[in-house]
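Shared between the two complexes below is chain A, which pairs with chain B and chain C, respectively.
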Partner chain A sequence: MKSINVKVLLKASPIWIFILFELVFFSVAGSYLSLSDKAFMDVDNMLLLLKQSAPIGIIAMGMAIIMINGNIDLSVGATFAIAAIVLLETMSSPMFEGLGDWVIPIAWGAALLVGTLLGAINGLIAWKTGVDAFIVTLGSMLGFRGLVFMFNGENPTSHLNWTLVDFAEAQFLGLHTATWFLLVVTAAIWYLMNRTVHGRNAYAIGNNREAAVNAGIRVGPHMMINFMLIGFLAALSAVVFYSESGSVNPNDGQLYELWIITAVVLGGTKLTGGSGSILSTLGGVIAIQLLRKGLGHIGADTSTVNLVIGSILILVLFLDRQINIKGREELKV
Partner chain B sequence: MNTPTPVLRLENIVKTFPGVRALDGVSLSVLPGEVHALMGENGAGKSTLMKVLGGIHQPDEGQVIVNERPVVMNGPLEAKALGIVFIHQELSLAEELSVAENVYLGELPTKGFGRVDWHELYQKTDAILAKLKVGFDAKTLVKDLSIANQQMVEIARALTVEAKVVIFDEPTASLTDAEKRVLFDVISDLQANDVGVVYISHRMEEIFKITDRISVLRDGQYQGSVATKDTDEEGVTQMMIGRKLDLTRKESNHELGKIALEVRNLSSGKAFNDVSFQVRSGEVVGFYGLVGAGRTEIAETLFGLRNKSSGEILLNGEVIDVKSPRDAIEKGISLVPEDRKGQGLVLGMNCRDNMTLPQVDDITAGPFVAEGAEIAIFDQYRDSLDIRTPGWKQDVGNLSGGNQQKIVIAKWLSMKPNVLIVDEPTRGIDVGSKSEIHKLLRKLASKGLAVIVISSEMPEVMHVSDRIVAMYSGRVTRTFECGEVTEDNLVQAISGVSKLA
Partner chain C sequence: MLRLSKDEAIRFLGKQGILAAFVIFMLVFALAEAKFISADNVLSVIRSSAIIGVMALGVTFVVVSGNLDLSIGSMMSFSTIVVLDLHDKIGPVLAILAMFSLTLLLGALIGFLVGYLRLNSLIVTLGMLSAIHGLTLTYSGGKNMDISDKSSWFSFFGQDSVMGIPVPILIFALLAALLGIILSKTPFGRKIYAVGGNGTAATFSGISRSKTVFFCYLISSFCVATAGLIQASRSLGSQNTVGQGLELEVLAAVILGGASLLGGAGTIAKTVVGVLMLGFIQNGLLLMGLQFYVQFVVTWVIIILAVWLDIAGKRGKLWSPLA
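Up next is the complex of A and B:
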């Protein structure tokens, strides 16, 4: 009896249970190993953790809809870097010198526009050529990154605007600006996927493309919109992050796509598309951030962190398979 | 008598695919309020013709005329807007979504800014489901439904618009008798409202029960139409395959061998309980019962797909434990599964590779797969099962529904098993090939195989079996020896009337 309840619970919200487990584990392990005199579950620490989740989290929301739709986008890290350069370049451009802080909305707008455009390029190519999104975005990942290096060589692009820094460091109801962005994006994407025709059609396409086509759903435009959205979100993530940091290295955002896909998969979205939950994706993002922070807290180095996260990902996929098999008791794997 | 104007006419439709002329100048008309059967062998072009009608394929040549106006349809929604609704042969559902979303797939009701009007969606869907008398509601996820109920979701789509023409492409292939009755009620309702119904099926008894007219295709060519009351099974078969069918069962008087498979008090969870039976080599044992009686589950257990909760399985007198399908295959047990699309085929792979998939390890030359041997196997079964494909390179996904089935059957026959279990072997298969498959099963038995045939079609079990095991709700109600079975006592046995015998 007990074991069945656990299974039901695991099926309903596995990622949140996992997060709970992480919290307990790191608190206990942290105090037991007494490597750090600060408690892990300290409020400030947790708020900081949410803030640090934001850059990846905002993009992960876009990745969730792309994957639910049955595609994948490997170019988000490069898009993130390009948007960051556009942001900082616009702000330091002599063209807008006389505008004072009014340059901020212009720079934001420019970065977001460029991000959306890059996404549109991905979507359009995948739609019109019929080439798999994996290949298309693998190409654009390399291409976009090339653009970043062409722009400024190996040098960082920098510009700090103190108004923006103040804005980014502000806390409202305790949560940082970046966290608010993450929450608002999550809510908006949740609404999009659960309440609008576009969202429901995206699920249908990812779930059974042929059935969707048979029902007259136009697969191409939906895919296009989703790629524009993820491009926009990658730029938004850059805007939020670089408003505070003010300096972008040409290598920034590298491997983001992998962290993001890991977070989305941890959140229960199927690689084959058609199913996945936005709230669980948020859970996946937080779980990964917790792992990174928690392992640091108990003294593990970066390579150990990567090893652990990799193993956990595989374990999660395996468990998911075990739990979701048809006719649980009698049917075998 | 003046004939009413057709709601729909097709004129000289031609449709070709690479290597196949699927439709070759087909003309057809559908009158308001008639049920029009479209018949033909597997691969004759029925589904293709209907896909042209449903806006999914564009014809290469010819005209579609709706209400005496020529139309061009560039997609299923345009066809639907003209009042043409198409219920597909293969389930065409997004399983992770709710029933309501599937019924209105492609045209969810909205309330501005692209927001779904859930209230309206659920209300409309529940109203349709009530008409269909199904036991689930609009919010149920499709993946939680049985295949039969999923088929009912497809059928619900026919009732979402004011249809002028509704096309049913083999709707009854996986329905139980009760659901069939509901479907036929739906069809006669449509008929009463002057909707033209096109009905595709390989089941003769249905055709003669509900249709008014029969049109026949053969190899993509139109063979003519006849009023149903003016013809009979033999006449239709003649039109379809160009010859008469030999339906006699040739009694090969081969000796029955030892008991090959024995099952003692086998149970598996709630699926079936305390089941015992024996199959000798050289014998065909039919399992008859309603959909859901537990027959498929027994097969799954014998094939290592399902765990038994108690009981014993004996193969050639020895107790065995079947751990997995691989294990079963090694022991000489094969299963042709019921859900062929889901369990039996890799749709994106070609015909030959699908057929030889389970034995690819055995037909090797050095480290490589022996192509010649593979093609030889393919050729042999293409001929004996009359599989219609331009060649072994064709992707299975491009074959007609019935020909896909034949590939799966060939796949397991080519394994040369000792015990062969076939689950609904002729579902979706045309009359000609049906009798070929029956003959083949008998022939395999005469060569010493032990054969188990699971079927929901009474003529089929009575025709192929030496003995019949009747099941009702997870239990064996009676075992009939050859000769003692009649339609009456068989029906009783599977409906739970004549309790445990």
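Up next is the complex of A and C:
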């Protein structure tokens, strides 16, 4: 039974083969090059890896929908930072002092609401004005970041709540809280994209927008809902991450777009929209985190990580195009 | 008596909106703050916009050809670091030559990937953003670069003035004139519009799409190298991340100037207006005593308004017909 599942996974996307390759490579290379005498494939290390991929991974699920729908969102890093600041400011606000730990749901709710609202602003502008989502979110990437600094100033905001830290560091069935959030989000988004009308319409719109309009699909509201979803997920990611760390710098989340888009593209989602899989996106997220961690394990520094990830992104695009051209030529014959 | 219907008004705004907005904006700020239009202030604003401006000229070529370039910020960090490092090792002339060659090489690589291999420019340049940043860090070993001889004539490009006009402005103006002529008056320039407007049609008319896109990226990297030279010469020392995030400001300026990200539209003159407008907005808001970060929010609003008016003018309707 189990071997069949693995085969299906491998066939589903080459990303899992890539992950396997990474695991083998870093285990072998690590035994020669690593400074630590712990094995790379250590269970604790892998669990930690999953936990660390949660912040990027949760947002990447939203980005996958946005890109399948044929758009892109460059503002998620800034949304992430705003949500984090709302979370910590609410928890340290004197207004809720008497509530004790009941402030936690209020703070979480406020952060998630703000994230969703920011997403809605992006979606509404893209829908009503017809300005391309790339430009809308490029603008709001600047604008949201400006709001972060205006609201927060240049100093970090900190607030540690020990109940939350305990919750964030807890392990349930061996997995960390953050990992559970990532898995639940992945499952929910998978269900949304594969089992609901909304998901099927998102594929249809991304594949051929005009055809979707002619088929009577309301493109605008779909786009807006998707942007609200990614805003919500960016805020959720912030909530999960900052519940544990308790301190946010106004520059946090910068370059998240880069990591997230890289993960989603590695997972095989097309920038032109219409195709992509949620499970492979999870694969892309894990592959990137493995790469970062693995390169660190064998003693490479940040500069090498940047170099390698950039090169791999371009290489994947090249290979993907080669494969697709082949497929298209076969179709013609 | 001028009578404009609503549709005509929208169309006019779409065509000349950016210029109209620029004029109104300058008038309002000039009335609010007299210092705003003093010669000193104007020169200093243009001077500090020159680095963004020079890069925006190159990006205009790339955008008109229907592509994007997100790697210019990290490419500029690269050229700044390289020229500063080599200055002390092989002298200013050779350092500048070497830096231009290396930066053009990077541009050629991107041009090859996007032009000849036809890979998506957004992803390629996103990858190059990360890769070049890694390259810069590896090259410098993560350290800041400084020129030891602060009295070197190398400082000419960033700090000196010729006939009262700062050299960065002269470089910006000369390059704008030259590239403006290339883009609007030469067969090569027309090819770029053709490729960006409809790549397939251009190919069928015998225009080499690959070659055209390749040269656009080459021009863009030349502009980046020039911007890096100005930056290095102005500060004579630099961090590894000096260009980080500049790609967004540059893109904002180019979009503000009315270049369409779909390709085939945009001019050098309008890009220059976009650059100056961003510069004066930042300056104006600061002079009015507003917080530094307000400019980000204002830029956001202005970009979206500018693009919105542009496409509203083209479709003749204010709101998108999208259901």
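Criterion: the second predicted complex is superposed on the first by the 312 of 333 C-alpha atoms of A that agree within 3 Å, B and C clash if a C-alpha of one lies under 4 Å from a C-alpha of the other, contacts with A are read in each partner's own complex, and residues count from 1 in each chain.
By definition in this document, contacts are C-beta pairs under 8 Å (C-beta built on N, C-alpha and C of every residue); 3 or more make two chains touch, one makes a residue touch a chain.
The structure displayed is predicted, hence computed values, not measured ones.
In the superposition on chain A, contact of A:311 is made with chain C only, not with chain B. Touch criterion met: A:258 reaches chain C, while chain B stays clear of it. Legend: residue contacts after superposition of the two complexes on their common chain; A:212 is shown touching chain B, with no touch to chain C.
Contacts of A:196 after superposition on the shared chain: chain B is touched, whereas chain C is not.
When the shared chain is aligned, chain C comes close enough to touch A:302, but chain B does not. Comparing chain B with chain C, more residues of chain A are touched by C.
Within chain A, the residues touched by chain B in the first complex and by chain C in the second are 213. Within the complex, the chain B residues that touch chain A are 55-56, 75-78, 80, 86, 88, 92-97, 101, 105-108, 110, 113-116, 268-269, 271, 297, 300, 304-307, 309, 324. Of all residues in chain A, those touching chain C in their complex are 72, 125, 127-132, 134-136, 138-147, 149-150, 213, 218-220, 254, 258, 261-262, 265, 271, 301-314, 317-318, 321. Looking at the complex, you find that chain C touches chain A at residues 113, 117-120, 122-124, 126-138, 142, 245, 248, 251-252, 255, 261-262, 291-297, 299-301, 303-304, 307-308, 311-312, 315, 319-323.
The part of chain A that touches chain B in the complex is made up of residues 195-198, 200-201, 203-204, 207-208, 210-217, 274-275, 327, 329-332.
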